[in-house]
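First up is the structure itself, then whatever we jot down about it.
As written, the chains take the letters A, B, C and D, and residue 1 is the first residue of each chain.
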Amino acid sequence: MEVKTSFLPVWVVMFPMLMTFVIYYVEQHSEKMRNALSVATAVVTFLSVVALYPEIVAGNIIEYRMFQLLPNLEISFRVDILSFSLAVLSSFVWMLVAVYSVDYMCKEHGCNRYYPVLIITLASCMGIFMAGDLFTLFVFFEAMSLISYVLVVHEETVDALKAGYKYLIMTIIGGLALFFGIIITFEVAGTVSLSGPTLFGEPTALGFFAFISFLIGFGMKAGMFPLHVWLPDAHPVAPSPASALLSGIMLKTGAYGLLRVIFHVFGIELMRESGWTLILAVIAVITILLGSAVAITQEDLKRRLAYSSIGQMGYILLGMAILTERALIGNIFHIFSHAFMKSTLFLAAGAIILKTGKRNIKDLGGIGRQMPFTMFAFTLAALAMIGIPPFNGFLSKWTLALGAMDAGVPFYVIILLVSSLLNGLYYLPIIIAAFFGAEHGHEHEPIKVNEAPYKMLIPIAILAVSCLLFGLLPTNLPFDLSRVAADFLLRGGF
Amino acid sequence: MTDTLLRLHQNSYYFFSIVLFIIGFHTMLTHNNLIKKIIGMNIMDTSIFLFFVAIGYVRGGRAPILEPGAGHAYINPLPSALILTGIVVAVSVTAYALSLVVKLYRHYGTIDAEEIMRLRGGETL
Amino acid sequence: MSAAAHLPALTVVVPLFFAYLMPLLARWRKSWCAATTLAVLAFTFFSSLYLANRVMSSGPFVYHMGGWAPPWGIEFYVDYLAVFTALTISGIGLPVIVYGIKDLPHELKEGVLGWYYTLYLLLMASMLGMALTNDLFNLFVFVEICAIASCAIISIKESRECVEAAFKYLVLSAVGSGCLLLAIALIYMVTGHLNFTFLAATLPGVMAVYPKNILAALALLMVGLGVKAALFPLHVWLPDAHSSAPSPSSAVLSGLVIKIYAVAMIKLLYKVFPATFAGMAPVMAMLLWMSTLAIIIGSMFAIVQEDIKKMLAYSSIAQIGYVFLGVGLASHNALLGGILHIFNHAMMKAMLFLAAGAFIYATGVRKLSQLKGIGVTMPVPAGAFAIGAMAMVGIPVTNGFWSKWYLALGALDAGKPLFAAVVLVSSLLNGIYYLPIIVNAFFSKPEGAVAKPGRLPAVMTGTLVVLGAGCIIFGIFPSLVLGLVSRATRLLLGL
Amino acid sequence: MGCFVIAPFLPKVSEKLRRNVLVLMLCFMVLLAFYNLSGAELRDFTVLKSLAEIGLAPLSFTAHPYARMAVFGFLFVGAIALLYGLQVADPREQAVSLVAVASAVGIGFSANFVSLFFFWEVLTFSVAILILLKQTPHAINMGYRFMIFHVAGGLLLFLGILQHYAATGSFVVEKPAAGLIFFALAIGFKAAFLPLHVWVAWGYPTASFPTSVVLAGLTTKIGVYAVARILPPHPAIALMGASMAVFGICCALLQKDMRRLLSYHIISQVGYMVAGAGVAGYYGIDGSMLHVVNHMLYKALLFMSAGSVLLAAGTENLHDLGHHGEDRHVPPVWRGLPIAALGALIGALAISGVPPFNGYVSKYLLKKAMYGAGPAEKMLMFASVGTVVSFCKFCYFGFIKGRAHIKRDITFTMKAAIILASASCIVLGVYPYLVKNILPYHSKLTVYNPAGIITALQFLGMGLVAFFALNKVLERGIKPPAWMSMEYLFYGPIYRTVFRCCRIVSKLDRDLDHIYEMSGKSGSILVSFTQRFDGALNDAYEKSGGMARRLAERAEQFDSALDDAYGKSGELAKKLAGKAAEFDDALDNAYEKSGDVAKKLAGKAAELDGALDGMYEKSGSHSRSLWDRLRGRPTDWNIKNLNFDSFLMALMLGLFLFILIYYTRNI
């Protein structure tokens, strides 16, 4: 393993950022060009990330120091296996969502706002994943959080604005907490670089403050329990492709940040010694149960999905709290899985809402016969959520559970299972009603709609098939990446 | 008691400049009449000038003018010089304040602060 | 001695001189006023730059007015803090008056325009003087000039609110001046010196003999400068004064004037009063708590304001608290943050006031609730406002972030994480009152006057763009100013 | 495994092609079954070997002796069931049925727990979908319940597997080393252990009739297979089996719906098998496994018959069938549906364990295994009698006494399937040696000995007697009150509790939201309170009096004193500013005139008030003086006026007082 310098990470971040301006310019003239350019940007970004693969797979770390802001504080990029995994995942999903947006958004207002924001959010997301130090991470984290606000309030309804305001305030709180954490880290360690040894030596009170701050900051983004309130409001009101990204990718930035904090800032020994992970574990358990339980009572399709996201993020947090190797694999793989599953679900829900205009689950009886393809994708993803064997959701749950067993805490496994059952309780009725339920002619207008346009279907299909494939094929790329990444983190991560 | 009084007497310049200062303050504090406020301000300023000049004063000292064969004690000329500047400043502030009072009177038709508040209370800024 | 050697004096004297020329010029060639003012300010800016360059390369130096050596003559001490402040003043003053060229005729009566430039230059000159001077009484004189000029620059609008606010300001300012003068008297009484350097040398000895005297002087100084700098419980005059003034005045008052008193206080506290003094009186602790209150309560005041300029004015109260927080924490990083915030806040607040002014200029609307959709119809000012607001909240890549960064770091350095938390809480409060404005501006349907704003002159737009770009540039490259600030801090703390 | 590949395409292709493919599949399945039956060597087979690298076992298959027997049943009966539905079933149902059968086979052959779990879940879902495909609201409800129920079971299995794996580090299917309780529960879900049996009555009678044939074959038998394969033999299991047998039979007797009756009967029969597996031993396992096959055969036969009745007569309610009474115009069912009736008869005889039929063989083995097993043995005997009774009921009311117009004749394939199944029942009964190759322990199948036959006939006789005794009661059927049902007593509350919990949690969530909002609101209240901070502060200042008031007092005092001192001269400022000497004199005068005022000022605070009052009276003309306003008319004290300035000045005054004191002492 060696450290290499390459401009590529900077390119990955800067390219979409620059393209944003190009798109902004182009969209004044041609809508078609705008759409094409957005998709092309996402594709190029994805390919650029993929281009990192040979180096990464050879076990190298790519670093690039942009410039120094201050002594010991710089904008730097660093791509290790974990960064790469998440970057490739999110650019992939982004690409699909960009394709999906073309048809979804064509009837929406404010597309000229939507696309540049979509692309610049991609840039900041890449920035988060490729950040070489906490400061850079923080900068992009804030950028992403704030810019995605535009996506949240895109509809500009009263609800959206309200939810957006909540989101904004929570983002600010989270950002400030992060700031606090980073400041403490900087104060204690004199640097916030992620490429060196861990930054905290021993569990001090200040370190604990920092940990809590990081937990609040990243946990807020990840929909952690007491800070999740913005999530079920913000995700449903956003346009569906945006919700897919919000739920599928942007939540993961919080998880990613926490991973970095646990392994690079505090270090695994410190975490184990100090027992701070217990806090995380308790919160994770509450998050899982709460998310799943509340989802059951939701009537709005997207709201249900949003709550489900909270529950699923709980798994990821739990994986971090357990801190055994397999739990970690499960955790990272679940980031993948959940990204695929939730994106599928949201995109499918978006297609359904677009075509029928109905969001209430009760109204969706028989939709599976009208839009079999979409609903089939939905089903695949939902089954994956429940953790049915051949799907990727199963694989991640399985690995997580094994990790929990390794740690000797079967209690967590039980939590996982209870949550799975609850997942079943809220996903299955949708599917059953969609495929087998009658369209109640007397009460509602029978739903007579066509299948969504193919530009929407293809992304959905790709994601849904990914859900299946990445569970069915055990030597799939995401899992390998997760495995190597977990190994990498546990070996010290540098 | 007498000790205190004695000390007060010895430092009467200082003491009374402080008294004046407080008088000035009090005038600014309690009077609604804007002119009186300005007067208070002036009293306050004056008290400080007094104080400042008193610093430089030497009992029995003479004006610091160089005379042949003089063995006198001179009073310190610097504070006086400074205070000249201070007086200029005070005068200009007073002038400006008075002009503002004129303006206020034009706008409100009164120079009573309370009245002005009352008049302003009705309107939104 | 070339002209360059006299630059410290010229920096102050030239604007002072031209200030008095302005009314004449206005009578003679009205259109030259603005150009001359600009030229003068540009001169001050470049001379400050030159001084900065000189100081950075060869260290601080003194300049004796008229060649008189210190015990008798007035001395300018050109050190890092001084040039930093001078740069800030002229650097912000310049774009503000550029903006004013178009805005002022809109806000002021025809006849007084020339006078406005006079006052503006006076203000600038007095502030530059305060920054550079090394003499206590000289400082007082500049304080007085500054006080009158700043009152006048408010009352020049001649609306009843302006006059009233100016009067209020004047009265309180006079109180402050009185305190200051008394303090000077007290200090002079026991030391016999007015020069900072000499004072610093004599005070430790004197302190042993007359501790209470100096304590009283210190208290008076604090109160006097505190009133002028609108430190929390003494801030009452500020909201009215800053909100009713013409926009360029507000910008410069909020951005620069209150800061310059803070600079004066930094000078006095760190350069004049011996370090051991801090042990005798809890000055720093008092400052800390006062600034904490200022930060929190100022922000809370701002939340409930309806008027956009009033809100900005209250926000200034909070922001001056940041500066004093840095002063009070007295650790290297904190002081650095405080001083840096002088510059950063000057830039942000000037921009915010100017943006607000642009809104008022184009629509006549001052109520926050009526500014919905302004971002759609006036994207550039609203964008500038957004950047300023982000900077206020302390979002990274804006300059406001760095002040916060150093303040928080300094609080931790000083072993008082509570104050780091204060900084963060206030950021949150800032977010609470700034962000809804931006959100409303960009995501609501424009109504009424907002829907059809008047045309904004290119100069005003340009100023906003320049300031906005400045916020971002100094956010991305904080090291542009940090070198200077860091040296200033080191010098002040004797590191 | 081909079923998996082909199944999804079935509904799409044309009718004819579908049938041909299906027939081919059936033949293939039958061939497989017989290949299996022949006892040929089956090699272990592993796919996805790479899974092993990641700590998961690959999907691997092995032909465990137990499995071969079960798999034979699954394949053979599955084929018959599909044949039955070939012409009448929904294509989607056929497709899913194939998947279900395939997954059952998969479970049977699974060599490790991962594949087992995988197929377990597939089976769950395919069966649930089979039920759901009926698409009536009732079916959807039941299918949903079924799904949740079995997903829960699957998760328990998951947990068990995890524990086992954590304990042993291996996934090979064996008796679990840890997590036995989870295994038992999970298998209990599938095998319809007693409190977990409720889904049987949800699922089977609800599905469409061709489907229920498939279902009858698969689900519970997988459970039995798992019991035998995974759970360690234990008397408790045997006892459980026995009680299931009794319970099932009791419930079955109460039913009036043909397929419901059969469904409950499944519980009963599964009870036999579980009991056999529980006592283990050669006979136990062999009997149990053989019974699996046999039971699948005759139960499928019975379901087919019932289905035929349903198709032909439009109802399967025994009461409805008997409703026509003695109406001569309506022919009895057996006449309309002779083949179905024959099938039903054969099935009934087989299930009752009457000698020449296959049921006898396995029951014989089981009886042998149970010999001396205590109460379980007795219970099984009772269950045997009950079986006879219930099937008398089934046949008598359904086919003999029941009359119905034959609305639609049963199709050819249905007939064929019934005949095939009947024939198999007889063949397996007469010549049980057919299966000896795949019997796990190769027990001797010499079952036709007099003692066994007599016992069997005894049961038959007792059953018949009992039936005729209870004829009338049974005809009406007994509907036990709702509160006695398991759903009502047990699962309903659980389900409702879960939902209530969820509601509570979501309420908590809303509360949390609310709390945030409230904190925001109270924050804004706080903030708007600070809006009037000026006023409030002043109020406080004004009311408390305190230092500020005293300071003001003193200021007043000075003022009054000086005013007094200078009397009516009025040229105070001039004098003060101008002449210091005059000032001294004047002060002296003032001291003299105002008596002890100055003294008090300097030292005695105690006498201050009195002096003040005295002075105050003197300066009575000061109507607007501070003191007056403070003391007399507080409302006059205009807060809005420059009184923050006042506050400030009070502060200043305080400051100065201190300065004064320090100063005078110091010099």
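Just so it is clear, a residue touches a chain if its C-beta (ideal position, glycine included) is under 8 Å from a C-beta of that chain, and two chains touch if they have at least 3 such contacts.
Worth saying up front: this structure is predicted, and the values here are computed from it rather than measured.
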Query raised in the report: So which chain ends up in the middle if you average the CA atoms?
Result: A
Query raised in the report: Among the chains, which has its CA centre at the largest distance from chain D's?
Result: B
Requested in this report: Go ahead and note the Å separation of the Cα centroids belonging to chain B and chain D.
Outcome: 86
Query raised in the report: If you average the CA atoms of chain A and of chain C, how many Å lie between those two points?
Result: 44
Requested in this report: Go ahead and note the Å separation of the Cα centroids belonging to chain A and chain B.
Outcome: 69
Requested in this report: Calculate how many whole Å lie between the centre of chain B and the centre of chain C, each centre taken as the average of the chain's C-alpha atoms.
Outcome: 28
Query raised in the report: Which chain A residues touch at least two other chains?
Result: 169
Query raised in the report: Residues of chain C that touch two or more other chains: which are they?
Result: 171, 175
Query raised in the report: Touching two or more other chains, which residues of chain B qualify?
Result: 21, 25, 28
Report summary line: Residue set of chain C touching chain A in the complex reads 390, 393-397, 404-405, 408-409, 412-413, 417, 420-421, 424-425, 427-428, 431-432, 435-436, 439, 443-444, 476-479, 482
Requested in this report: Spell out the part of chain D that touches chain A in their complex, as residue ranges.
Outcome: 48, 50-51, 53-56, 58, 117-118, 121-122, 125, 132-133, 135, 137, 139-140, 143-144, 147-148, 151-152, 154-156, 158-159, 162-163, 165-166, 498-499, 501-503, 505-506, 508-509, 512-513, 516, 520
Query raised in the report: So in the complex, which bits of chain C are touching chain B?
Result: 137, 140-141, 144, 147-148, 151-152, 155, 158, 160-161, 163-164, 166-167, 170-171, 174-175, 177-178, 181-182, 184-185, 188-189, 194, 243-244, 307, 310
Requested in this report: Would you mind writing out the residues of chain B in touch with chain C in their complex?
Outcome: 21, 24-25, 28, 34, 37, 41, 44-45, 48, 51-52, 55, 79, 82, 85-86, 89, 92-93, 96-97, 100-101, 103-104, 107-108, 116, 120, 125
Report summary line: As the complex stands, chain A meets chain C at residues 68-70, 135, 138-139, 142-143, 146, 153, 156, 161, 164-165, 168-169, 172-173, 175-177, 179-180, 183-184, 186-187, 206, 209
